[in-house]
Structures are given as C-alpha cells and as structure tokens.
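Okay, handing you the structure first.
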Amino acid sequence: MTLDVNKIRNDFPILKRKVNGCPLVYFDNAATSQKPSKVIASITDYYENYNSNIHRGVHTVSQEATDAYENARKKIQKHFNAKHSEEIILTSGTTHSINLVANGFTSLLNSDDEILISELEHHSNIVPWQMMCEKNGAKLKVIPLKDNGELDYESFLKKLSNKTKVVFVNHVSNALGTINPIKKIISESHKLGAAVLIDGAQASSHLKADLQDLNVDFYTTSAHKLCGPTGIGMLYGKKEWLEKLPPYQGGGEMISEVTFEKTTYAELPNKFEAGTPNIVGAIGFGNALDYLNEIGFEKIEAYESELLDYATTRLKNIPNLKIYGEAKNKTSVISFNIGELHSYDLGTILDKYGIAVRTGQHCAQPVMDFFGISGTVRASFSFYNTKKEIDYFYESLKKAVAMLS
Amino acid sequence: MGIIEVQNEIIDEFSLFEDWMQRYEYMIELGKSIELIESSKKIDSNLIKGCQSKLWLHAELNNNKLIFKADSEAIITKGIAAVLLRVFSNQTPEDILNANLDFIDKIGLKEHLSPTRANGLISMIKQIKYYALAYTKN
Amino acid sequence: MTLDVNKIRNDFPILKRKVNGCPLVYFDNAATSQKPSKVIASITDYYENYNSNIHRGVHTVSQEATDAYENARKKIQKHFNAKHSEEIILTSGTTHSINLVANGFTSLLNSDDEILISELEHHSNIVPWQMMCEKNGAKLKVIPLKDNGELDYESFLKKLSNKTKVVFVNHVSNALGTINPIKKIISESHKLGAAVLIDGAQASSHLKADLQDLNVDFYTTSAHKLCGPTGIGMLYGKKEWLEKLPPYQGGGEMISEVTFEKTTYAELPNKFEAGTPNIVGAIGFGNALDYLNEIGFEKIEAYESELLDYATTRLKNIPNLKIYGEAKNKTSVISFNIGELHSYDLGTILDKYGIAVRTGQHCAQPVMDFFGISGTVRASFSFYNTKKEIDYFYESLKKAVAMLS
Amino acid sequence: MGIIEVQNEIIDEFSLFEDWMQRYEYMIELGKSIELIESSKKIDSNLIKGCQSKLWLHAELNNNKLIFKADSEAIITKGIAAVLLRVFSNQTPEDILNANLDFIDKIGLKEHLSPTRANGLISMIKQIKYYALAYTKN
C-alpha cells in the first residue's frame, strides 16, 4: 500500500498558497517542515479551551494542561521507544538540547579527555562542544568525510580510543542527507567507554529511531522539523546519564527546595525543565508524531526514497550539475551546484517560479570547506511533495540556468 | 472484611450523595477518623511525593496484615487518605497487590486519579502497593 | 474613558468555557494570562500561510517569516522603548533570559564581588545566581522584606557597596504583587557601579516599562504572562552589556564563521539567538503587545486597580482572612490564607465552583519562609475579569470555608 | 546627469519590460558592465554584511564626486549593484545623501528592499549613504 499524496496534501493548508503567482513548491523541508491542520488545530484548541500554567496547579484548567503536556511526553517516549518517560526532556529545540549536554559535560571532562565529532555536523553540534573545550581543555577530534558524503568509518575506528569520552554524530546530515551508521558507531564507542550523542534533528521526519535498540546515550530532535510547532524539541538521555549531569538552567520547576543558603534540585525530568515550558509546543509535538504515525514511517520512507531517486535521475540530465553527497543511505535531500553559478542566483530565480529551496552553507561550513565550495542549492523533499512538483522544478531549473548563463 | 467488601460498602455510602459537596463533606468527615501516624513517624522518608500539602504514610506488618497510618496538612487530602486506608489497611499484602481500583471512579473521585494531580492520590496508591510488594517478597 | 470589559471578554474564547458545570472564573493570571483571538489567529495564520525557517532563506516564504519575526522584535523594542532593536534578544522566557545573563557574569565576577538579590524574588531569579556563585565564588547578599510585603529600602542602601557588581530585583513580585521602587534602586546601584537586572515577568501585563527612562541594564519578561504564546520571552540588555557578555548557547545563527579550529560569533542580536527560534512565538508576542496597546495601559492599570481595591475590601469581610503583602504600590494580586485552612483545600473547593486560583508557594519559597507559612491562596486579576466574578468568588470562598471548618 | 535624471532614465528603461524575467535579464546584463572593484580592494573591510554571496563595495572621492566600484559572486546581486552604481556613482556626497529611493520600487525591485533580504541591497544602500556622509563631514 503506498501513500495517498493527494489526500495528504489536503492536510497542509500552506500547500494551497501561491508564491509570485505560481503554486508554492516547498522543497525546503530540511530547514523546517510544514504543519498539518490537525497540529494547527491542537494549538488553537489549547489556547481557546485549556490554556493554563502547568504543574502545581490545583484547578481544573491547569490540571488539563498538565495532563496534556505530560501526555505529550509519553507520546514522544513511545514514538522513540525510550524506556522511561522521565528520560524525555522537553527543550526549546535541538540546539538547546545539545547545549544542555555540552554544559553538563563541562565539569565531567578535563584536558586528558578527547571528544570525537564528525565533519558532517551542523553548527549546533559543533559550537557548543568548542565552547565546552575552551572551558575544560578537552580535545576535539574530527571524523573526516569521504568524497561521496559518507563518514570515513575506518578513520573513526582509528581515532576512537580510551581517551575518547563522548562521540557526536548526526543521524542524518542536513547538508547532504547522508544517513550515518549510528548503530555501529554507538556500539564501537561503547566498547571503549565513550558516551554517544546522536543529533536526530534531520532524521526524525524521515525515519523512526528506536532508542533502546540503538542503545544510544543521548538523542536530540526539534519538533519543527517533523510537522510540529516551533520552539520545542527534545533531549533523550539515558536515566543514568541524566542523573549524572548537573542541571543546566536554574529556575521554577527544576528545584525542590530553595533557600538563600542551599537549593536542592528536583528529580527527572523537572531537573532539566526550568521555567514555564513551551506547553502548547509540547502538545503540538505530540500531535505531530501522532499524525506521522498514522501515515506510517514505512510508507513515508518508501515514498520519499522514490522521490529522491526520481529527482536525482532527472537532475543528472542537467549539464554541469554536480550533486554533493551520494551516500548509499541517504534521505530525500539533494545538495547541488551547476557549473560556476552561484547558489543565491539559482535560488532567487527558482523563487520567482514559486519554488522554495535553501541556498548557502546550511549551517555546515565544515562540509562546504571539505568540498571547497561556498554553498549549494539544497532541495529537500517531504512525503507531501510530488513527482509533478519535481518535474516542474526540473523545468524551472533549466530556465534559470538559461537566464543566468 | 475483604477489600472488595469494603470497597462495595464505600460505593454504597457514596451513592447516597447527590452532589460533589455532600461527597466532599463526607470525605472530610472520614478524614477526621483516620488512623493517625505518630508524630515521631512524620519523617521525610514517610512523605508522599507530588503532593501540595504534606502527606505522610506509614505501614507496619501485623499478623500478615498491613496496617497503614497517615496524616496530611490538608483535610481533603486527609479525607482521600482515609478512604484509601479504610480499603487497604488491615489487609494482607497479597490482597492489596491484587486489588482493583475501580471504586475510586465509582465514588466520584476519578478526577483525582490523574498522575499530575497535586493531592498525591496516585503516589499514595503507588506507595501502598509498593509496601505490599515489599512485604510479599519476604 | 474606562475600559469596556464586556467587549474585551468577547476577545477571549476561553472565558466562555465551563468548569465543573460553572462558568470559568480565571483568577490565575499571575501564573499565565489568557490569549485573545487576535493572537491565536496570528499563530494559525503563520502556520497556514507562511511557515518557514528564517534568516538566510532566499525564497519568499522564508522572507515573509523573517520579516514577521524581525518585525516582532521591533514591536517589542518600541513597546519597551529600547534604544536599539538588537538590544532585544528573543529567548524562550524569563527563566532562559536570566540564565543567559547569569551565565554571562560567571566569567566576569570573582570571589571579591558581591551580588545583591531581593528576598521577594521568584526562584527563576534566585537559582541561576546561586549556580553562578558556585562557579565563581561571588557572594550573594539579600535585600530583606518588610512585614507589609515591601522591600526594606534602607537595608538595600546599607548592603549596596562598591563590592556590589549586580543587583537583581523583580519589577513586581509574583507572590505578593508588590511593585518595587526599581527606578530608585537602579539609580542608587549605578552610583556605586553595579549593574541592575530587573525581572519584569510579573509586571509586563500590568504596566509599561520605559527602559531608557529606567536606565536599566537588563530587563526580562515572558510573553505567556501578557496574552502572548508559551515558549517565548525577551531579554533586554544595554548594547554595551550584551557586547561584553560571552555567548550562552552555541549553534546555528549565532556564529559568523565555523571551522574546527576557531569559531567567530555573530553580531547582536544573533550572538544570543542560537538555533531555530520560536518563530511563531515571536510573532504572537508582537501581536499580544499590539492588542494590549490598543486597549491602552492607562486603562488597564486603572481598571485593574479598581478590581484590586474592590476585591481587597470584600475579602477583608471574611473572618480570619489574612492578606500577605499590602504594599502601597501593588498590582492586582491578593495572596491570602484563612485561619488554619490549607491553601490546597481552599483551592480544591474553589475549583469545584469553577474558580481558578493558584495555591502553594508560587515559586517564591523565601517569601513563604519570611512569613513562616507553607503557602497561600493567590487570586490574581486581569483586565478581562469583572467585579461580578469577584462577588461570586467571595460567595464561593465563604461556602468553602464553611465546608472546611 | 543628476541622480533624479539617472533614476528616471532607469525607470523608463525598466518600464518597457512586461515581466520579471525580462527585468532580471536586463539587470543581469547591466551587471556585466559594472565598474569592477580591483581585486586588491576585495578585502574584508569592503565586504557588505548580510549578503549571502560575497559583495564588495569601494568608494573614492574624485573632484567632490564619489566613485563607487563593486563586485559580487552572484550575478543577480551584481546586477542590483550595477543599478545602484549607475544612480550613485559619480555624484556628489550631498546629492547622494539627499537622494530618494522610490525608483527601486518603480523598477520592480521593491521585494529586495526588506532589511532581511539576503542580497544585501539595504546594506549596500546604507553603505553608500554612509560613505556620502563620511565625505560630507570632511
């Protein structure tokens, strides 16, 4: 049974809009996903019917909001198959999640320790660790890329040692779409006693991670990438790890006792959820997962890989078009350049045709440096995109090239 | 009396009331007759978590029956505790472990069953079952 | 001209709902405010029509989202009369804002320095500073409370010295409603070279702070307290200060160059806005300010103080009712206890009558310790509340007391 | 020719085009004839911020007229720069400072006027006016 894309498109109000007189063709899904009516309606419903601050509230509305918030946590737990619901920390997004972990490791590592990071990472999984290294003197080592956009696994094995304390790799690269062999990376790292953080921001809309099966120590994602609201994301951490890490932000909710002399911290997950959380964000996050699971990830994966193959084949007909990243396992992302044309020019003309792609370095400057380029055009497809849109994209791209050459 | 009999008795009693106000008044009344925990046992390790008012619970095995004592600063919480103790105190650990909790719904306290509820009902039940488990294992 | 509360109530969908069979009477405004249709509609509009990741996006939808996000920043700047728009940092809320500043001061202070904090503070303005003091050894001094719920201004002057580097006070206390004399506190602190952070979370829905006139160094607030969405807030910082503070979180947007050897940070405000922000949150925040300004803060203040006086007078008729905090200047918050009754019991019975109040310690344990109590019932009124609701509250409260005694 | 005359000339030229494609093609053409900045001047201090493609701008005073030179990696940006340079290069600092920018709207580039636009048009205009200001003060 394949996915009924016409039915699905009706779920997304934005897909009816026009841009510069043309129907919107949204191929910027790796930057953020569009939202189905069901998720939008759950947000409105919250504000119209049971908006309230949560926890400690005795009254009914607060109780309803708290239940909805905690229920969202359970949905997330279930989706990612975490063992305990308190292993799911609700954050404002992947960047926040990673900073929380990096901050936690600041006091746990010292200058004898090494951390291992892939060259494929998003800035959000690089800069927090650089900031940490400045504080505790730990050394940052890099797993290099190969020409095809895959990580150099042999080099990973060589660089991994018993000095390595933490390894960070994204599940899927946002710049190239490469799906990394995280299960192997996790088990090899564990053999040498290193913890592993997987940045799942780019993976979660395409594939379902089973966290217990992966046996990963930390996993992060952002709801806005998977049909959910902005300003909400998650950090999964194994209970043992979350108990070991010091709290990140101080404030309401995360404490159990406060006096000016001494403050004791609350239990998980509250220890890491200081302040009024993004309540409506959490609720929308949970509903977005419900929506995706109703469609089913097998169907989503199959359909998106069909789109990827189709688009790749078509684009390769364009002279001088070079695709960056052709890993065997990749999600529906095509990063490319055409001859000497600047990605900004291509993006601007495509926009005139109503096509939204991302251009530039995609917050992954090391990847661009690896290829010696200043940026790419990135077209990223979602399960609500169609082959017809890809055809139109192909035709428009040819026109853009003609104009710009 | 066994757990089911006590539960049925309570359901019968509560079924006489027409509105929440009478139910609450009765529950508050019950709270006044609760078997109080000794002040020496009002220690942190006997505090139930997640309750906005302090709520203590203590258990002792006597002739293979668990005797619970409790107290709370808030009288509604104390009333809820009294209802639970009437059901579970003086029962065997095995019976407590196997007990069904439908009666809470039937006496109109279902709203209190949410795990996030600040009266600690769920935590109290968990703690009661936890004691029962601990004593069955021995 | 006074405020037309019936017209205003129509703007708030939630006010039509029932709780336990009774019309909802929402007196938990100090915890979070309700949202007018206009704000809710702007959220739906975003998701249905121009949802996109912002900045660096060449395509139209991204451009529209970026413009709306930056336009929100300008609205916030204008509302609070900040000098530069880049002095407005969009955060996930007050707690995040304060942690950002406390983190920044970690490397700027040492064990010779003192910080001065009021006894009236919310945990969010206590715990981050305790965490900072643990790292850099700075000493935390406390401005004590007086019985009427005001700060002891004489004691403040005595404790302020040239060792004092930062002073933190909330503009309005969430537990008692006290409006603190922040203008005087700021100017006295500046005389001795101390920077001042004012936590405006509880003030912003009641009064309009003019940041240039106050000459304050840092000011924070949360949108959810002022008819805006959850998960968004602001940190205002004087440009000189924000330039001095090191970045807080690392990630996308906040960098200008990233290599594994060296990363350089972006300019304000981006330096402090790592990762995909809560785009829809910012937009809703801006629209909430528009909504409040359309009503007008003079009218809001006048009406709310009428409600406060009315409610205070009525409540005082109840035997054994004790109000905590009767500062000359206070917002529409009444924190009270009745005899030996527990706040949880009162809150539970009031809820049965459809009335939402907050009970407990209101994330301000030091205030409760000061009064030697474990908590209070807090009724907090907003401009959409009515005297009729207060009458109903008064009658219900009397019934609750009868039941519980 | 004064700034207003050049602007009117450009408006006339662009008014002949029926759609964005022709306008863009023309702008790209104009970009090819831009007065190029020397490579020695392609230094960081001449880079315009907020532009996704590198965009350099340099100014020199010659006979009380400002001579601008520019270049960009992206040809659309270069085209936009060419339009601006045609208007502002070889004009006095005073005239530049007083110049009105309506023509940008009239030639159909209004969409590029958003401060957040990644082509740096706004930043380029700011920089041009900034140079003009610097040279009037002297």
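Here the chain labels run A, B, C and D in written order, and each chain numbers its own residues starting at 1.
We take it that a contact is a pair of C-beta atoms (placed from the backbone, for glycine too) under 8 Å apart; a residue touches a chain by one contact, two chains touch by 3 or more.
Because the structure is predicted, anything quoted here is derived from the model rather than measured.
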| item | value |
| --- | --- |
| Centroid-based (C-alpha) most distant chain relative to chain C | D |
| Rounded Å distance between chain B and chain D, as computed from the means of their C-alpha atoms | 78 |
| Separation of chain C from chain D, taking each centre as the mean of its C-alpha atoms, in whole Å | 45 |
| Cα-centroid distance, chain A relative to chain D, in whole angstrom | 39 |
| Residues of chain C whose C-beta touches two or more other chains | 20, 56-58, 60, 344, 348, 359-360 |
| Where chain B touches two or more other chains, by residue | 52, 118 |
| Every chain pair meeting the contact rule | A-B, A-C, A-D, B-C, C-D |
| Footprint of chain A on chain D - complex, ascending | 20-21, 24-25, 28, 52-54, 73-77, 118-119 |
| Touching residues (chain side chain C, partner chain B) in the complex | 20, 342-345, 348-349, 352, 359-360, 374-375, 403-404 |
| Parts of chain A lying in touch with chain B, wherever the complex brings them together | 54-58, 60, 63, 66-67, 70 |
| Chain C to chain A touching residues, read off their complex | 13-14, 17, 19-20, 24, 26, 28, 31-32, 34-35, 39-40, 43-44, 47-53, 56-62, 92-96, 98-99, 102, 117, 119, 122-124, 126-131, 140, 142, 222, 224, 229-232, 247-255, 257-260, 263, 274-281, 344, 347-348, 350-351, 355-360, 363, 365-366, 369 |
| Residue ranges of chain B in contact with chain A within the complex | 52, 111, 114-118 |
